[in-house]
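Below are the structure tokens for one structure; questions will follow.
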Amino acid sequence: MEKIPTGIKGLDEMLGGGLIPGRTYLVKGGPGAGKTTFAIQFLMEGVRNGENVLYVTLEEPLETLKEDMAKLGFDLGIPKFHGIDATPVTERKHLFAGAFYEEFGESFERLTGAIQEKVELERYLRVAIDPLTMLKLTVKNELEYRKTFIGFLKSLSKLGATVVITSDLRTSDIEEYLTSGVIELRTIEAGGKILRGILVKKFRGSPFDEHIRPYRITDRGIEVYHTENLFIE
Amino acid sequence: MEKIPTGIKGLDEMLGGGLIPGRTYLVKGGPGAGKTTFAIQFLMEGVRNGENVLYVTLEEPLETLKEDMAKLGFDLGIPKFHGIDATPVTERKHLFAGAFYEEFGESFERLTGAIQEKVELERYLRVAIDPLTMLKLTVKNELEYRKTFIGFLKSLSKLGATVVITSDLRTSDIEEYLTSGVIELRTIEAGGKILRGILVKKFRGSPFDEHIRPYRITDRGIEVYHTENLFIE
Amino acid sequence: MEKIPTGIKGLDEMLGGGLIPGRTYLVKGGPGAGKTTFAIQFLMEGVRNGENVLYVTLEEPLETLKEDMAKLGFDLGIPKFHGIDATPVTERKHLFAGAFYEEFGESFERLTGAIQEKVELERYLRVAIDPLTMLKLTVKNELEYRKTFIGFLKSLSKLGATVVITSDLRTSDIEEYLTSGVIELRTIEAGGKILRGILVKKFRGSPFDEHIRPYRITDRGIEVYHTENLFIE
Amino acid sequence: MEKIPTGIKGLDEMLGGGLIPGRTYLVKGGPGAGKTTFAIQFLMEGVRNGENVLYVTLEEPLETLKEDMAKLGFDLGIPKFHGIDATPVTERKHLFAGAFYEEFGESFERLTGAIQEKVELERYLRVAIDPLTMLKLTVKNELEYRKTFIGFLKSLSKLGATVVITSDLRTSDIEEYLTSGVIELRTIEAGGKILRGILVKKFRGSPFDEHIRPYRITDRGIEVYHTENLFIE
Amino acid sequence: MEKIPTGIKGLDEMLGGGLIPGRTYLVKGGPGAGKTTFAIQFLMEGVRNGENVLYVTLEEPLETLKEDMAKLGFDLGIPKFHGIDATPVTERKHLFAGAFYEEFGESFERLTGAIQEKVELERYLRVAIDPLTMLKLTVKNELEYRKTFIGFLKSLSKLGATVVITSDLRTSDIEEYLTSGVIELRTIEAGGKILRGILVKKFRGSPFDEHIRPYRITDRGIEVYHTENLFIE
Amino acid sequence: MEKIPTGIKGLDEMLGGGLIPGRTYLVKGGPGAGKTTFAIQFLMEGVRNGENVLYVTLEEPLETLKEDMAKLGFDLGIPKFHGIDATPVTERKHLFAGAFYEEFGESFERLTGAIQEKVELERYLRVAIDPLTMLKLTVKNELEYRKTFIGFLKSLSKLGATVVITSDLRTSDIEEYLTSGVIELRTIEAGGKILRGILVKKFRGSPFDEHIRPYRITDRGIEVYHTENLFIE
């Protein structure tokens, strides 16, 4: 079976080669777990293979993200990397405004429309939405959210792209059901230290490693130690 | 007493031979527990015995399910296997549209109607609804859901088919009361690994194994180790 | 003091002889705990003594119940056993329709009326309502439920019958206060196995065994091991 | 300081002699903890000393209570014992209707009025309300309940009687604040058995035993073992 | 830095000398923890130093409080001790009505007004509100309560008095933020006995003892054993 | 990468040099955890380097804060330190009213406007909002709060200042997502004593110490022991 690499060292081994192309995956984690780093690594792996990729940021402004990712060796300024800045905080004009970076400030309805517009103009093989949580927090009730989310997944499914959606750990609604796989980035406090563990919770159409494996956020991004155990005891 | 095999190795021994025909059973499990694999194995066991079977999918599109199940050796394309694609995400026309595969996108009311229509045209000995959770998540309140669910069970009871309904673990409303049996697929995290255990919680009209037995999702589907214990200690 | 036997081996010893006639008792338990078996054993003990008994089923259709209970040696078809099929799922006409078996499908209001009608026509020494939970789940709010339940108890108290009401474990509202005794059927998971324990929680007007005693659902019905302890440690 | 005996063997020692006369006390306990037995023992101690006492029952009908208490050697038929049957279930006329036993069925508003009417006609040195829980369960919201309860306490405070109010364990609203003392009757499950412990949680104007002491419901009523510990370990 | 003694043996050592004058402090504790005794000791320490003090009681009527405190050697009848009886239960005229003792029965709005009126007429160096909980329980929603509480603190801050507000343990809203210090009176059940521990949780402008220290309610009031540990292990 | 020191001994080592200038950080902690001391130390470090700094207090009045901080050696009266007194309790005119200290009493809307006005007149390199909790507690619902908070962050982002926002531990809404880092001040009760631990939970654009380190509030302010472990075991 054809699979595509995630760009995250060690995770592909847990997934038996990588993700199944053309499907949508959920990556869950709390603040500081590395969700954004995960999303960027996934996209830059595509760029490395000559693919057009699209990053929709709802939390960290593209401007500061660009600075932060440069330290990990990722150049978000290269042409294959396309970004939509949908962070609610940003308001001024970007210094590097243009085709790749746009901004939205008014409403999430306008945002959803803008994403659809963008993906209809150009073909992307990898897309990341980071994080879904912000979308959810502005919706008035669960039923309305589910309707919005299902419509959102429909638009994404038309792309033919492999999609990574990041989300808060507490988000345990229909996302886990309607996506083809769920990966959890966990932070466990033990012995006065934060331990990090990655877990593949669901992966349709493929066997997968059922252990929680340790990972670290190094100066090269997320690294998964797929032959180690989180708890040695 | 006449019983029919579930198609799941080891589970029939736990049930004292299999399920009682003509009744409705609930199979509970979280994301990644194997609910869909359970439902397909149950139906394909019927196909193997020359029965017409009906699969109603509310979560994973039939198209990707077909690919995934082929890897487990299940050919969902054979004529005895009838499917209704009621996943909310699907929107385009299916490549293999026809009598067996249909799709619904607008509303669950229309879905419920379509299921009834289908079962009135043809007789099925096995039916699977996978998962009930999606139906529940779109209903506005619990009272309305219960009314809808009771009406749904009424339609199913007219079929004379053995019915398997899958459901989220958290669904603990009237489903467990109004069905003839409850089987739980559990995932327990222990020692940095996911352990899987199957439990028959309720089985009207028959004695049953009251142990939690380990199971695995192998490349032949779910296998229950009915002579082993999940906890050896 | 006069007491009547429950029909459940070992339980009468826990109750110091049995239940006090003419009062209402609550039997609590989760799905698969044996509430229905308890209710039927209680009624069949009355039949054995030549009493008219009334069984109101709100969950399992009388038809399938009849099949299931035959395996335990209980013949629900004998004249002294009167049944009201108030299960919401049943809709077709019963094969054995008649004075003993009736059905209700529309509303619980109609059901409550039908129960009252029935008990006014004939005198029953034992009555079982199995389970109360279904009644509760269709009522809009707690206050309305309490009002309905109090009215229901009033009707029952006029009968002079000994009444057993079964209920979900979570039902912890006014039922425990307004009934003369509470018996709990518990299922405890321990060491990968389901253990069953019975507990008399409240028994007005009599001393009682304050231990949790093990019980099993055998092919002769529920058996309580009133001289054993559930936890030996 | 003058104190009055509670009538419960061993409890007076925990209270340093008994309750302070003219105040209101709360006795909390779950179903089967012995709240009613506590209330009756408290009142019969007054009767033994030639006092008029008033018992307001909201849960168990006076009729069955009379039978049950006779087994513990308490004759509720003697003239000094006055009862108000405010149980919602009772509806028929009492066999022994008269000055001491009355009944109410319609509404709790009418009940509150009847209690006030009664206590204005005659002077009682001891009053028991058993249990408050029933009053609370029929009130629509917490604010309304508090208002009602405060009005109720006002009426009681005018009596000059020592008042015992029983209540469900979960009732943890203003009752614990506005009463002069709180006694808890606890049932703890340990080692497959129910253990019973009594605890004085609050006792204004007096030192008290701060241990949880074991108690039993014997054929002479509640007995507190005030020199023993519930947990010996 | 100038500090004033609390009147509670051992607590001043925990506070590095006492409370900072002119500020407002919160004393939290459950029923029976000794909140009222704490408040009275704090005020009587002021009386001993020739200060005018004001006690606002919202729970225990001044009349019974006077009796109870006399046993601890506190004479609430002396002229420097001023009281406002704002307990909702009291309704009759007080025997010792006059300038010091007043009563309120209708509404808490009127109560708040009366407190303000009183403090505008006379200058108090110490004020105690006991307990705040009653005020909170009669307010319809949290926002309204916060607005009321902030207005209340404003009035108090104008006095220049050192204020002690007692409160239920569960009250964890803005009170802990807007006051200058928080002292907790805890009751811990251990080994079948109630243990009492006092904890300074917050104390602006001063270092403080960060241990939980044991305390007892003796016949001389609260005594803190500031050199002992609650848990010795 | 350029970083600015926090002014807190030991914390800069945990952060790999300090905070990234121009971003917004969240400092979480319960009552008494030292949030205000943290904020003041952060600002005074700027003052020491010749920067204009702005302190917005929503909890402790500037007047008493000035006294308290003087004991830690911080002189809030120096010209570079600018304060906005937005505490809801303060009402009288300040003794030292003027350009640096102002007060607001009516509404938080007016407060938000005042902050914006102030920062538009003068350029600040460091800003502290202490605590955000008060702002949150006066908003009617979560959606409204989120909208308000996002607007607030927008205003702050225009300043180009490094911003520290303090918050209650329980505040776990969008704040943790929309800020560039999260630092937690924890108080753990262990062995009858309060232990204090500081944790960097999230720090965008930089590696950081993932241990919980002990800290104390000394007479020089907060000190972090970045080479020690909170739990030694």
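Letters A, B, C, D, E and F mark the chains in the order given here, with residues in each chain numbered from 1 onward.
The rule is short, and it goes like this: contacts are C-beta pairs under 8 Å (C-beta built on N, C-alpha and C of every residue); 3 or more make two chains touch, one makes a residue touch a chain.
Bear in mind that the values here come from a model prediction, so they are computed numbers and not experimental data.
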Chains adjacent to chain C and to chain D under the stated definition are none
When the CA atoms of chain D are placed over those of chain F, what is the turn angle between 0 and 180 degrees, to the nearest 5? 120
Self-contact between copies chain D and chain E, residue sets same or different by half: different
Distance between the CA centroids of chain C and chain F (whole Å) is 62
Chain B and chain D, separation of their C-alpha mean positions in angstrom: 54
Approximate Å spacing (C-alpha centroids) for the pair chain E, chain F: 31
Residues of chain D touching 2+ other chains? none
Sort the chain contact graph into one of these: line, ring, star, complete or other. ring
Beginning with chain A and continuing through chain B, what order do the ring chains follow? A, B, C, D, E, F
For chain E, which residues count as touching chain F in their complex? 1, 23, 142-143, 146, 150, 153-154, 157-158, 173-174, 176-178, 180, 182, 197, 199, 201-207, 210-212, 229-231, 233
Spell out the part of chain F that touches chain E in their complex, as residue ranges. 31-32, 36, 59-60, 64, 67-68, 71, 87-92, 131, 133-134, 137-138, 140, 168, 189, 191-194, 217, 219
